[in-house]
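Each of the next two complexes has chain A plus one other chain: chain B in the first, chain C in the second.
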Partner chain A sequence: MLVKLLNTLLMIVVALSITGVINRTRAVLAGRRGIRFFQHIYNARLLLRKGSVYSTTTTALFRIAPTVYLGAAIVAFLFIPVADLEPLLSFHGDIIFVAYLLALARVAIILAAMDTGSSFEGMGAAREALYGALVEPALMMAMATLALFCGYSSFADIFSTAQELNMNLTIVLLLVAYVFIIIMFIEAGRVPVDDPKTHLELTMIHEVMCLDYSGVDMAFIHIAGWLKNAIFATIAANAVAVAFSFHWWFAVPLAILGAGLSVGIVESLRARNKLSRNVTYILTIVAMSALVLLTGFLLIQNIEI
Partner chain B sequence: MMYLYSLLAAVLLIVAIFITPVKHKVWVATGIIAAAAMAAFGIALTVFSRGTEMTIAEFSTPIFGAEHFSVDMLSSLFLVIISIASLATVLYSRGYVAGYLKTLSPAHISLHYTALVLLVVSMMLVVTSSGGFSFLFTWELMTIASFILILFEAKRQDVRRAALNYLVMMHIGFMFLVVGFVLLSNVTGSANFEAIEQYFKIANPLPLFVILFIGFGMKAGVFPMHIWLPEAHPAAPSHVSAIMSGVMIKTGVYGIIRLLQSIDHNTELLYTIGLIVLLSGIVTGLWGVILAAMQNDIKRLLAYSSIENVGVILIGLGIAAVGHAAGSSLIGMCGICGALLHTVNHSLFKTLLFFSAGNIYSKLHTTAMNQMGGIAKHMPVTAILMLLGTVAICALPPLNGFISEVLIYIGMFNGVSDGHEVLYSVAGIFSLSLIGGIVVLAFTKLYGVVFLGSPRSTHVAESSEVDNLRIGAMAIPAVLILFIGLFPQFAIHPISLVAEAITGADNYIALEHFIPTLQTISAICWVLLAVVILLYLLKRHLQGKSKVTEGPTWGCGFTAVNTKMQYTGESFAEGLESIGKPLMKDTVDGRAVDKGEIFPSPHQYNIRHKDKVDSLLGQWWVQMMHRINKFVMRLRTGRVNNYVTFALVFLVAVLILTLVGIL
Partner chain C sequence: MKLYLTTNNRASAVAISDIPVVDYAELYADLRDRMCNTRYHVGHYFATEIENGLKFYMLLLDDTTGEVLITSFIPDYYAEGLASLTALHPQFHPFEREMHELYGIPFDHHPWLKPLRFPHNRRDKSSTMDSYPFYTIEGDELHEVNVGPIHAGIIEPGAFRFICDGEQVLHLEIALGYQHRGVEEEMLRSQNRLRQTLIAESIAGDTAVGHATAYAEIIEKFTDTNIAEELKLERMIAIELERIAMHLADTGALATDIGFQLYQVACEALRTVTINTSQAWCGNRFGKSMIRPMGTNHPLTAEKVAMIRKNIADVRRRYNEVREDICEAHTLLTRFEQCGLVPKAEMERIGGVGMAARSSGHMRDIRATHPWGFYAEKIHHEPVMKGEGDVMARLATRMDEILQSADYIESALATYTPSGTLPAPNYEAPLKGEALAFSLIEGWRGEICHVALTAANGDIAKYKIKDPSIHNWLGLAIAVRSEGISDFPINNKSFNLSYCGHDL
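Moving on to the complex of A and B:
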């Protein structure tokens, strides 16, 4: 039980820190001192205390959606182990459950965006639905690669198997970690797929869906975003940890720094994709994750023969 | 003597429908269907509790010899599905048909209800028939009954066209079945389903399998034989679409399962056939879902989604067969349980969704999505029920669609992690996840455009909630969706018994693996609900301290917002168009606004994404007939002397041929 609590605590640390690292990295690369490391937490606390304005076009669905969004993210979050620690929830096949919980969160926010009747939010919803649909196979392929290597279909079992891995498999696992980081870019709406800092609503995806949210709802959406980031960052770090047989004290900083630095650096160094190129970009990731799986399969076959 | 009595009873019941006053015909039909459903339910329960086959009637047919109607595990599962859906359908039909009582003649209404009763009874007979003549007879009865049901609004030309199209397609499928059963009877001396196993042992199994697979696939809507579905469903009244899409196409799935059941002992054959089923499932699923996402008509979208769901069921069956052949009974069990449960689930949420579409159609008299919007405010109960169906069909926790898909996934992930048939499992996972993703796109589009936002036409404001009986009828599938989703461990028990009967394997694997997993899933779904409710309470608490106000939707600084500016169904799926383009052929009426037009004039623009298979299968032979016709028409000159010449040429030709000795 203590281990489970430690795991949850570490995951919370990861979730709270990633955004801080991203902000600091961007600031340093731009030559600024930047805001406080935990400024985003203060912002969220401020939002929790603020009032809300609801559009008269909306129905009750609009008010329930953020709670479903955050609720699904919280439950998915509880499934994720930090390296070889035991998560709070786990069962055979939970990798599928987590993927579908994230889909549930997505459906809630898409429907809420459609509920406002705003063309901007409809635009964001349509894009989110499309990218979400396309990224799903990439996620499943990456998870299947992990299942193939470790012989299990639950996160806890996959990452707790300390295995003597061949050097080739290490490379494949690093590629899996890379795929998870890219999936995080897409799911979190970061450059190169989406730019949360853009000033033009026409080009936004994730942020534009929440235009009509304020106060507590907005805070919920932000918190769910941190949790989702933590989920993908930790899985990526775990894949690396498995590859090198590292333990949790290595996976935690790796998750924070790996995700934070990569988002921060990519966002500072390159521009957002042209929107019409995003589909190609995501499909490339899908193809890549399928290729990683097939490569891994061939390698495993060779080793056994 | 027994047949005479049952025939007499049938005639009496039909007469009863015809002579009752027009308002009460529905109750006669309800009575008959309820009685049939109760009987079927009772038989199914008996079979389940005893675990043995139960023969209802035995008889001899002139063509294929001895046949019987009997109920085994698989039949009883389908009997339950048919009973529930048909009961909900007939209850729903009262409110829907009530709108037509003044415009249609009483005989028309009587015919409709007679056909509905006939459809229900024939479906029940199809799934209990032993094969051969009685199967073909009831199968044909089912086709004709549904044909009459589609023709409800026979005054509309598109309805007549769709119904005829349906009838032709079904008869092509029927011909395949006839050929298959005759072949079977020629080789083995019996046309019963049990004889297929024997046939597979003594003769080359693949031709028979392919012939019967095409015959059943035509009903089930397997690619490329799916094209009747998106035509027939928009034409049929909604309760008919519900029963056809929810249940009738499942009789095709039933046939395919019977086929798979017959190849239990031949591993190599099972493997090959499993692959065929898996591949056709993948193609059907992907084709169905991409086209579903592109549709702008509610019922056409739902029809394509039925095709996609048949694809998912076939993926489950295919992976089960492949896994079974490879020696992993766990994959086999997961696949088949998932496929069977998905069959049940789809019959529930698809009836619910078609009922919702019917509610909208009966108030707005259109199924064009882009004229709707904001209906949730006018029809709140329908909106909630439709949301339930939407979440269920997107296979999201905590509802039933998720349970069946997760079983198929678990089977495939076990294949990957245990190293059994990794490549096929990966293909299955890939396509199932892509299908799952695009389903979300298709149904958020449907729900978002129809129920949410602001109204796109003035009709919406005039709509109101439907009568309570219709809501009650919709509650039947809704409650079952919730039950299977939240208590899957109970729902899986009968399913695993059926799966055990099909595969002949011991179901301790299933019990050992599924039940704990499903119990956990159920518990976590409750946790999810609890978390969401707690968060909502927390939010209410936090908002209690601060000011909550209402205002217009934020227009990003633009104040002259018009409801027509909202995202439409077409624009919502725009991004997918580039991927779906090779599958479709667009037909455009009118002209789009030119980019150079600074002050655009009013334009009419209507685009429809047509299935490419439709044009490939439906049109090339029509064109060829046209060409042949044109050639033949040249001979029709209208001059008597020419015709006399033709007659002379014919006679001379006959003479010469006789002399040479050919004739």
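Moving on to the complex of A and C:
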């Protein structure tokens, strides 16, 4: 039980730190000192103390959505192990469950955005739905690759048995980690797919769907975003840790730094994609995870023969 | 019969009695053919109230000879209406729309006499922002997106109505007028010229130097003052500093809009150096108080010359590095190249001016074609021209113009030793009565044209202002056609047009 609690605690540390590392990396690369490391937590605390304002055109759906969004993210979050530790929740097939919890979160927020009747939010919802649908095969195939390696379909089992894996699979595991990091970019709405810093409604994807939210609801959405980042960053770090050193004290800093630095550096050194190019970008990741799955499958076959 | 009075941008004010009063039908027939030649474009076209009616004035600019053709007519428009020039040459559209809005003049066959800026003294008070006649297209597949008039951030109000097919823009209509302050009427409320100078500086906050120079030139033309060579030089420095600062700001803003942090912060830092140079010179970062009629309150000193030279050399060197990096940043190029195309023919048709026109290969640069002051005497200006007409071309024009302006400043100041004898501003000199004066200035955005008429006692009786934005807003609407709606912000930023300069 203690291990499970430690696991959850470490996941929370990862979730809270990634945004700080991103902000600090961006600031350093821009030649600034930057805001406090945990400023985003203070901001969320401030939002949690505020009430919410609701547009009169919205219905109950709009009010429920942030709770569903956060709830789904929390439950998914509890299924993720940190390297050799055990997660709080686990059952056979939970990788599918986690994937669809995240899809549920997305559907909730898309419906809420449509509920406002704003043309911006409608556009944002359409974009989110398109990219969500496109990125899902990549997520499934990357998870399938992990499952294939150990024959298990629960995160806890995959990563606890993964230590015995043949190191020939290192490259494949690194690629799986890469795919998960890119999926995190897409899910979190970071450059090059989306730009969380922009004030231009016409170019937004994730941000525009949250335009009508305020106070507690906004805080819920932010917190759910941190949890989703932590989920993908930890899975990616686990995949790398399997290949090198399967210990929580290796995986936790790796998750924080891997996700934080990559997002911070990419956001400083490149421009956003043209929106119409995002489809190509995401499909490239899908193609890559298909390739990873195929390579992993062939390698496994060879080993067994 | 002589149709036009020929003058130029350096001549002093002309007597109103010298301007031919022509028959509109004759003028119309002449313009039908004349304006087909791109060497001509309309500088200003407005109506002014006279006893029992209206008198129309038109300024045509001849870019080949540097001449300005002035004409006027007094139509009996209640009886017959005026044949619309916009129908032949769309570049007349803002002027005819303005006159229709102010005086209810019916222009026959005008494609669409939409309201221009909803001035307080408009003729049809029932025409309001809320009843703006937006263009609509029917269709189940299409949707409308309205942006504004209140925008995120600190930009000015203006409504953009998109008609989209999915993500693709079919049509953009831009409804302005929210910023109307009655600047032209305000100029006439008092004959206090210091007050008028301050109003001129506030016509468009980002072009304070440009508009103030235009006003000062008008006063100097009415008083027949030939200002000192040194003052001409200092005004050139002021206007080029403003150009550098604004082009830097726009380079940075374009980087911001594509989420490219590195160039954003680099350009912001350089812009700060530039506007701080203005502040060290005259006490205001945007160059307000720098330009005054017939003299100056802030003559350059040897220390200030050294300071400007040092800062501009620094900005030039650092910007050149940024510029080279931008030209190699492939993620930036894929966003900007082939995005928001305005072909040269289109730019000519709508009468585009300034750097946006030059980016489409359409040569409109007052510094080269109608030079004034220092540009006429000491600089042989070669306009920066690009042919592509896309966002990247507009960025490239900016980048080259920054270096060009820095060169002008550096070479002018290299041999400059201020004599310290520049006069203080003179707000009292009597103006020539019954005269018309105009000034043409190439601000950073493009051609600024002010026209003033004086009464018999020398009071300014009519003051007309034209900011280049009024020509180029239509260019933005054309640029985003068939682009993705998410590329509108970078197109908007690449033009960076003024709301208050349009609305006045």
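Note that in this section the second predicted complex is superposed on the first by the 297 of 305 C-alpha atoms of A that agree within 3 Å, B and C clash if a C-alpha of one lies under 4 Å from a C-alpha of the other, contacts with A are read in each partner's own complex, and residues count from 1 in each chain.
Going forward, a contact is a pair of C-beta atoms (placed from the backbone, for glycine too) under 8 Å apart; a residue touches a chain by one contact, two chains touch by 3 or more.
Quick caveat, the model's predicted, so the values are computed rather than measured.
Looking at the shared chain after the overlay, A:G215 reaches chain B, while chain C stays out of its contact range. Of the two partner chains, chain B is the only one that A:T57 touches; chain C does not reach it.
Of the two partner chains, chain C is the only one touched by A:R32; chain B is not. In the superposition on chain A, A:R49 makes contact with chain B only, not with chain C. Contacts of A:P137 after superposition on the shared chain: chain B is touched, whereas chain C is not.
Contacts of A:L70 after superposition: chain B is touched, whereas chain C is not reached. In the superposed pair of complexes, A:T284 makes contact with neither chain B nor chain C. Judged by the touch definition given at the top, the superposed model places A:I96 against chain B, while chain C stays out of reach. Of the two partners chain B and chain C, more chain A residues are in touch with B. In the superposition on chain A, A:S119 contacts both chain B and chain C.
Once both structures are placed on chain A, chain A residues 119-120, 122-123, 201 are touched by chain B and, in the other complex, by chain C. Of all residues in chain B, those touching chain A in their complex are 373-374, 376-377, 383, 387, 391, 394-397, 402, 406, 409-410, 413-414, 416-419, 422-423, 425-426, 429-430, 432-434, 436-438, 440-441, 444-445, 447-449, 452-454, 513, 516-517, 520-521, 524, 527-528, 531-532, 535-536, 539, 542-543, 545-556, 561, 563, 565-567, 571-576, 578-579. Residue ranges of chain A in contact with chain C, taken from their complex: 26, 29-32, 119-120, 122-123, 191-192, 195, 197-203, 267-277.
Within the complex formed with chain B, the chain A residues making contact are 48-59, 61, 64, 66-68, 70-72, 74-75, 89, 91-93, 95-97, 99-101, 103-104, 106-107, 110-111, 113-120, 122-123, 125-127, 129-130, 132-137, 139-141, 144, 147-148, 150-153, 201, 211-212, 215-217, 220, 279, 290, 293-294, 297, 300. Residues of chain C touching chain A in their complex: 143-147, 152-153, 167, 255, 257-262, 265, 269, 329, 331-332, 334-335, 339, 484-489.
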